[in-house]
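Look at the two complexes coming up: chain A is in both, with chain B in one and chain C in the other.
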Partner chain A sequence: MQLRLLKDKILAKLMLVLTLASVSVILVIGIGLYYKSVPILHRLSWGELITSSVWKPLKGLFGFYPFIMGTLWVTGIAIIIALPLSLLTALYITEYASVNIKRLLAPFVNLLSGIPPVIFGVWGVLFIIPLIQNHIAPHFVEFSTGYSVLAGGIVLAVMIFPLIVSIISEVLRTIPQELKDASLSLGATQWETIKKVVLRKALPGIVAATVLAVSRAFGETIAVLMVCGNNAAVPHSVFDPGYPLPALIANNYGEMLSIPLYDSALMFAALLLFIIILLFNIISRVILTRLERKLAS
Partner chain B sequence: MTQTPHISVQHLNVHIGNQHILKDITINIPDKKVISIIGPSGCGKTTLLKSFNRLLDNTPEVKITGKVLVDNEDIYDANAEVTHIRKKMGLLSQRPFPLPMSIYDNVAYGPRIHGIRKKSELDQLVEEQLKATGLWNEVKDRLNASATRLSIGQQQRLCLARGLAVGPEIILGDESTSALDPVSTSIIEDLFISLKEKYTIVLVTHILRQARRVSDYIIFVYMGKIIEFGPTEELLLNPKEELTKEYVKGYIS
Partner chain C sequence: MRKRKFEELFFRMLMILATIIVTGSFFLIVGTIFYKGLPFMNLDMITKTPGGGFYIGKEGGVLNAIIGSFYVAGGATILGLLISTPVAIFINIYIDGKKFLSNTLRMVFDVLFGIPSIVYGAFGFLIMIYFGIRASLLGGVIAVTLLVIPILVRTLDEVIRTVPNELRDASLSLGATRWEMAKVVLRQIRPGIFTAVLLSFGRAIGDVASVLFTAGFSDNVPTSLHEPAATLPLAIFFQLGSPVEEVQGRGYASALILTIIVLVITVLSEILIKKFSKHKI
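Up next is the complex of A and B:
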């Protein structure tokens, strides 16, 4: 008897320690990145680093503004494309599709998430780039190589699509049939029921799914750097090339480290990415809590 | 039962997957009466109730044959419009399921869907139905509060008001008091009795005393078949069928 209780206590403590250990990794990474960025932070202030657009490492000029904007553009485009598509797909799979179609579709969606990023990159280069260059861009701008934040956004959208679909589907499945029946039995159509009852009830879950997808999109590297053009300038339209932070780090880390402060600058890029994701998560957590409170009141 | 039936079920068979849930059901439900469907768990009484407003449609692998006539209109006819049929019937489920919105919006939900936009008209409807279910005095100062803040008993009455707001002819109750405390239960039961002046009420219940208190007629269902149908006192006190006798005495459950 005593032994059983003891076991229970020890296990609970053990789990606490393990949980703290894994959570503290975030702290360790943050501190590590900051420590490595100290050299460049001694030379230039935070304000200069973040707002300057000039990127000339050989002259000691490190402006991160283009990279921050590149990251935001690509991620923004990706979520704008992916969210409506994923939401409608999830709604179709959970609310409309027959059992047979469901059985057929679900594996395909999951398969998408299993494809390695580099294959998406190749697909982007071979298919999306020419599509933008020859068929989309000519309608809007005079010239585009196709390598653009739009290409990055499209490839990224396809990559985060299965993640959003699976989370939203999971959320939709938790909504009780009786609640939908209540709306249907009043003579509402299925779409009215979805719009006014299901989506309303699922809203916090949909926001949470979006947050996860955006966090993942911020950090996606290889597929994006293959199609983005990687030009250190602030994009002004979706057809301009961009240079997201992860691509900057992946392209340059380990090379040209003889340039003074270059190593530290790349670490600062990582720190920036880390902070962007952290800030984004904190802000969305606040929004989510407010939303849940508003729905409950 | 000389009057014309409100719901007329003819040779209704329901299969879900490989299971034969309802077997050749034929019954006439009289107008403006309270009818209780009783029977042991899993006998098909809820399925029978849900077949009246086509809520079975969304069940996977369901197969329905036969006819259900409501006001002489076959609701399973290929041309029948399902929203129109459902609007005729208010459903009160086992547990209250208020919609995720305010008390006011819950009641106004149905009327809004069916095209009522004017604020004054909606206000009047909401007040009327909340009064009809005895909820008005309890909630009139907090109509914009979330419906989930109400007690379970109040929520169930709100769900009833929500159903009445679309102007149905029939109220379907699926063990509507099973989650409620005795006080809320008797409020709902009294509501059913007073509402039969205007509505036909069909209740599924497993509480014989409740069936006796509120209903005019009782349908006894066993293993997917209707065993006996008759006026309440007659069926409970003097059942004709052996199975009914055993169930009423409590031998089978």
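Up next is the complex of A and C:
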């Protein structure tokens, strides 16, 4: 009897330690990255690092502005493409589709989310790049190699489809049927019900899904690295190449130990990503948890 | 009146179109990979390691990367499972009742899940420098383990929550300790554990950014934890960057191999989830 209780107690402690250890990873990552960025933060302030656009590691000049803008362009394009499409898809699946169609469609969203980033990158190179180079860009600009923030945005948009669709579908499912019935019984069409009841009710959830998708797009590395063109200049049109932050980190890991302060600069880039994504994630999770709780009560 | 009907029809068409684009993109991607990869596919790809000068178009396959990937993803999943199972049990069984605490922990893991793999890669690299580990299989496993722990914890957590409370109460009322109750729960969720393992393995095998700094790259199959290990996604990335057309072709074939592996894993986990929810009480 004593032995059983002892075993229970010891295991409880062990599990507590494991839980604390894995939760504290979040702190350790932040501290570790900050500690490594101290050398560069010593030389240049946060403001200078973020707003300067001169990137000459050999001369000790590290301006992250072009990379931040590259990230923003790519992410912006991705959200502009992905949000309407995903929202309409989620609405179709939850509000219109019959059970059979639902059963047919749902697996594909999951399959899409299972495809590894590098495959999206290969697809981008093989399909999106030629498409932009030969069919889209010629209508707008004189010449484009296809490697552009637009290509990155399209590839990212496809990557975040499953995330947005599944979260918005979850949120839509929580909307009480009575509300919809009330609207329908007043003679509203299904679309009017969606427009005036469902969407309004689901708005916080849609915002949360968008924020989460933005943070996913922010951190995506290899796919954008393969299609964005990686030119350290601020993009001015969708056909310009860009150089998002994660691509910068991934692309330079080889040489970062041979140039002074370079490793510190790259770790600062990782820290920047970490902080932004952490904030975005916390915001969206808080919104989603609130929604869940509202439903439960 | 007619305007309202038209609006209804218009948006319904728009929704169907959007759904076709979203689900169709899956077929477009897989179709592109098959179309480009199949012509370069041969038995050598999966049975041979690269001959000398692989990068400039000499013979060989990507066996080193396939095995390396299985080592990294397998090692990380096993290690991750050893850590995540106790954590999931702890959250659900040991601190049951304190809703705020368990929900906060869940949220932390959700946030950890959202952290991009490049950050895990950079952090793994810092750990390796700190402990003096060179780019190796071990380094890769460490970084990828960090990446899959949140996935495993959250999946196991969801599965444990489907176990009916009556079952827990029954074992407790018979005088079982919490650990004995956990054993009952674990037996109940066995298919769910498989699902979690598959999900984690699928994520681990496809990820590049976390192994980029940590696992290194090698033309040989690693024989110890301290040797650098090639991984399939990284091999694809390198091959595609080659100027030689033949090597690029091999990159397409490698992409095909990875796609097939991942699709098999995803379909398996889908089937398991279906089965699991069928038996749910």
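Rule of thumb we're sticking to: the second predicted complex is superposed on the first by the 251 of 297 C-alpha atoms of A that agree within 3 Å, B and C clash if a C-alpha of one lies under 4 Å from a C-alpha of the other, contacts with A are read in each partner's own complex, and residues count from 1 in each chain.
As a working rule, a residue touches a chain if its C-beta (ideal position, glycine included) is under 8 Å from a C-beta of that chain, and two chains touch if they have at least 3 such contacts.
These figures come from a predicted structure and were not determined experimentally.
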item: Touching partner for A:L11 - first (chain B), second (chain C), both, neither; value: second
item: Touching partner for A:I287 - first (chain B), second (chain C), both, neither; value: neither
item: More chain A residues in contact - chain B or chain C; value: C
item: Partner chain(s) touched by A:V23 [first = chain B, second = chain C, both, neither]; value: second
item: Touching partner for A:V54 - first (chain B), second (chain C), both, neither; value: neither
item: Touched partner set for A:F127, first chain B, second chain C, both or neither; value: second
item: Contacts of A:V141 with chain B and chain C, given as first, second, both or neither; value: neither
item: First (chain B), second (chain C), both or neither touched by A:V38; value: neither
item: First, second, both or neither for A:I80, with chain B first and chain C second; value: neither
item: Contact residues common to both interfaces of chain A (with chain B and with chain C); value: 189, 192
item: Chain C partner contacts - residues on chain A that touch it in the complex; value: 4-5, 7-8, 11-12, 14-16, 18-19, 21-23, 25-26, 28-29, 32-33, 36, 84-89, 91-93, 96-97, 105, 107-112, 114-123, 125-127, 158, 161, 165, 189-192, 194, 212, 215-216, 218-222, 226, 246, 249-250, 253, 266-267, 270, 273-274, 277-278, 280-282, 285-286, 289
item: Residues of chain C that touch chain A when the two form their complex; value: 4-5, 7-8, 11-12, 14-19, 21-23, 25-26, 28-30, 32-33, 36, 83-84, 86-87, 89-91, 94, 103, 105, 107-112, 114-123, 125-127, 146, 149, 153, 177-180, 202, 205-209, 212-213, 233, 236-237, 240, 251-252, 255, 258-259, 262-263, 265-267, 270
item: Partner chain B, residues of chain A touching it in the complex; value: 98-99, 176-189, 192, 196-197, 200-201, 295-297
item: In the complex with chain A, residue positions of chain B that touch it; value: 53, 55, 58, 60-61, 83-84, 86-87, 89-91, 93-95, 97, 99-101, 109-110, 113-114, 145-146, 148-149, 159, 162-163, 166, 172
